[in-house]
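Naming follows writing order (A, B and C), and every chain is counted from residue 1.
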């Protein structure tokens, strides 16, 4: 690696990070949905911060609106920076088209270069056995299966606190039960949906992450934390190597915090690791 | 059209859209003002979402601060994606420089490649007859005249609810009367300013769009809806083919909603069209 | 200068601006922290609005996470547009590594092409004499020393109003005393930190800028104003040639206001200069 490929200000000790592919401290960033994302912007993000990004997750099925050429440019570019591509939870929409559409979806995902298919059920209800079948199906086509679980029905699309409160949440034990069963079925990673926990709620349910970590550990779990106050809270409680899903726009702020070089007043100078 | 120019995941049925130039379901996006916009970002937006964008509207006269070369790059790029360019409401500033400035303005707009001149009066008051003269003047130089009407004086620059409430709104019947007269004078399209209706207000005036649609229909009318909750509301009430003006950053989220593939909990799976 | 290098719509009189390097009406924009910033986006900003940008300030030490090659591209690009590069207040972190790190930091800043080293103490406390030594040290390596002073301890990282209110603010006279001493020690410019004045507070402390201007004048002072309502307030009170630090995303909106061509209702048509 030439000098120019190394980070600037090498003499400053910062919290050490594993080289990619990492097993701890993974950061997944959200792709186009709340903002557009084209190949120039993605190149900007990856050239400046790519070393700290493990995966790029599409949202809302935005890729299904793009020309194949434009989509493949994004996917290929991410791959040159060793960034995995996840579908996000579009399977929920595909399921409404029936089982043949699921097959076609998974095949086209593989063909386009997706690495991870997310299996969520924020907007729909689905028997747990069928969810397990989807995990196996994703593996059958040679892709990774990331499961998203949560306590809030109707999650996944920026709904208001009132709208979601009216629906009510499920007990966290259900979500944890689902996660355990899906891990047993082979799920590669578990995403914890933030709605009902730290998003679209009046008061954070801090008991929920505590139970998740107690029951599932940190290794296979990634928390959705697409607000600076939320990712600050996860790092304060679970350390700088907790796996987090954030918005693409937040990658600099998050990595300043993980690395221990900057933060809000409560965390400035306080984010430490020990790697002797 | 080659495969690569087609959208990905063709096997999924989504709400059909007319090819451009469209007559229904038009989307106009806001250009540089609340954020910068250069040719690389615009290329990103157009390469990934250009099929769903009908027009690009400048705001606040930002083009008058740019070098001609940079401005023409934006305009030419938009044209290669069949996106029309609107001036936004800068005529209000130009009018304060007198009638010769209006002539010079319209001529330079045409020379630079603008397609549409917006004629608004959010910050100024102007006799209706003079407004009609402006419509004809715009047509005389060979451009389209888009009129923006509204109920809020002082609209057009992100003022606070309190500041605008202190001024008070006009009765919607005045705005509708103006729109009818300006359509009779040849106005090509009517933009409904959101301030006083869904923006900078404490409670939305949902009666106003209802009266607009009742009196003017949907075809020539475009609603300003530069907040996701607002464009969601318009689509819920008027269907996915209502003409909307949004911020450039919102194009993916809006098109996911129009196409029926994603949305908030209340609209997820509910946005339908029937084109046998 | 060819026609294409001139701004469009030359026939419109706008508030005259000095050519760069300016001594009045300076605008410094924030670089990557709350968002990423790569060379393509920066090129977009500079090609369209570069004439109105005097300096680019990094934040949170984000440069220390970038590859040297990517960082130098940003710096070199800014220089081609006559935009100075400031470190932002990363010295606070460097100081925790001891005096040798400070030397290494300043040398690498010079080597990479930084023009200005900001010397702040929002998160740390530091004897005033040591602060003066830093000003001299920065000059010794041939760079400009910009001092940031403020009334809020714990400032510099988007903390909440409650968190900062619990800490309390210092009397403005202390900040002004510091600024005077540091100017006497050779500081080239004074940045007034907005936290505790117009940011992360429930009510703005409008008395503080008044005392700053009364005691220090406007020439060497720059106000942090990274919210449109804040920079609107400074322009209303101190005119369009007050020096302001804003977010990169706000440059169009600010310059529309400085130039007198657009604004909110209270300022539309009201921002004037007189240069006979």
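Everything that follows uses one rule, which is that contacts are C-beta pairs under 8 Å (C-beta built on N, C-alpha and C of every residue); 3 or more make two chains touch, one makes a residue touch a chain.
Not measured: the values here are computed from a predicted model.
*Asks:* Same or different: at the subunit A/subunit C interface, is the fraction of residue numbers used by both copies above or below half?
*Replies:* Mostly different residues.
*Asks:* Using just the Cα atoms, superpose subunit A onto subunit B and tell me the rotation angle to the nearest 5°.
*Replies:* About 120 degrees of rotation relates the two copies.
*Asks:* So how far apart, in whole Å, are subunit A and subunit C when each is placed at the average of its C-alpha atoms?
*Replies:* 34
*Asks:* Could you say which residues in subunit C touch two or more other chains, in rising order?
*Replies:* Where subunit C meets two or more other chains at a single residue, that happens at 40-41.
*Asks:* Can you tell me which positions in subunit B touch subunit C when the two form their complex?
*Replies:* 32-41, 60-72, 90, 93-94, 96-97, 101, 104-105, 108, 112, 123, 154-160, 163-164, 167
*Asks:* Give the list of subunit C residues in touch with subunit B in this complex.
*Replies:* Contact set of subunit C toward subunit B: 3-9, 11-14, 40-41, 43-45, 47-49, 51-52, 228-229, 248-253, 255-256, 259, 261-266, 268-269.
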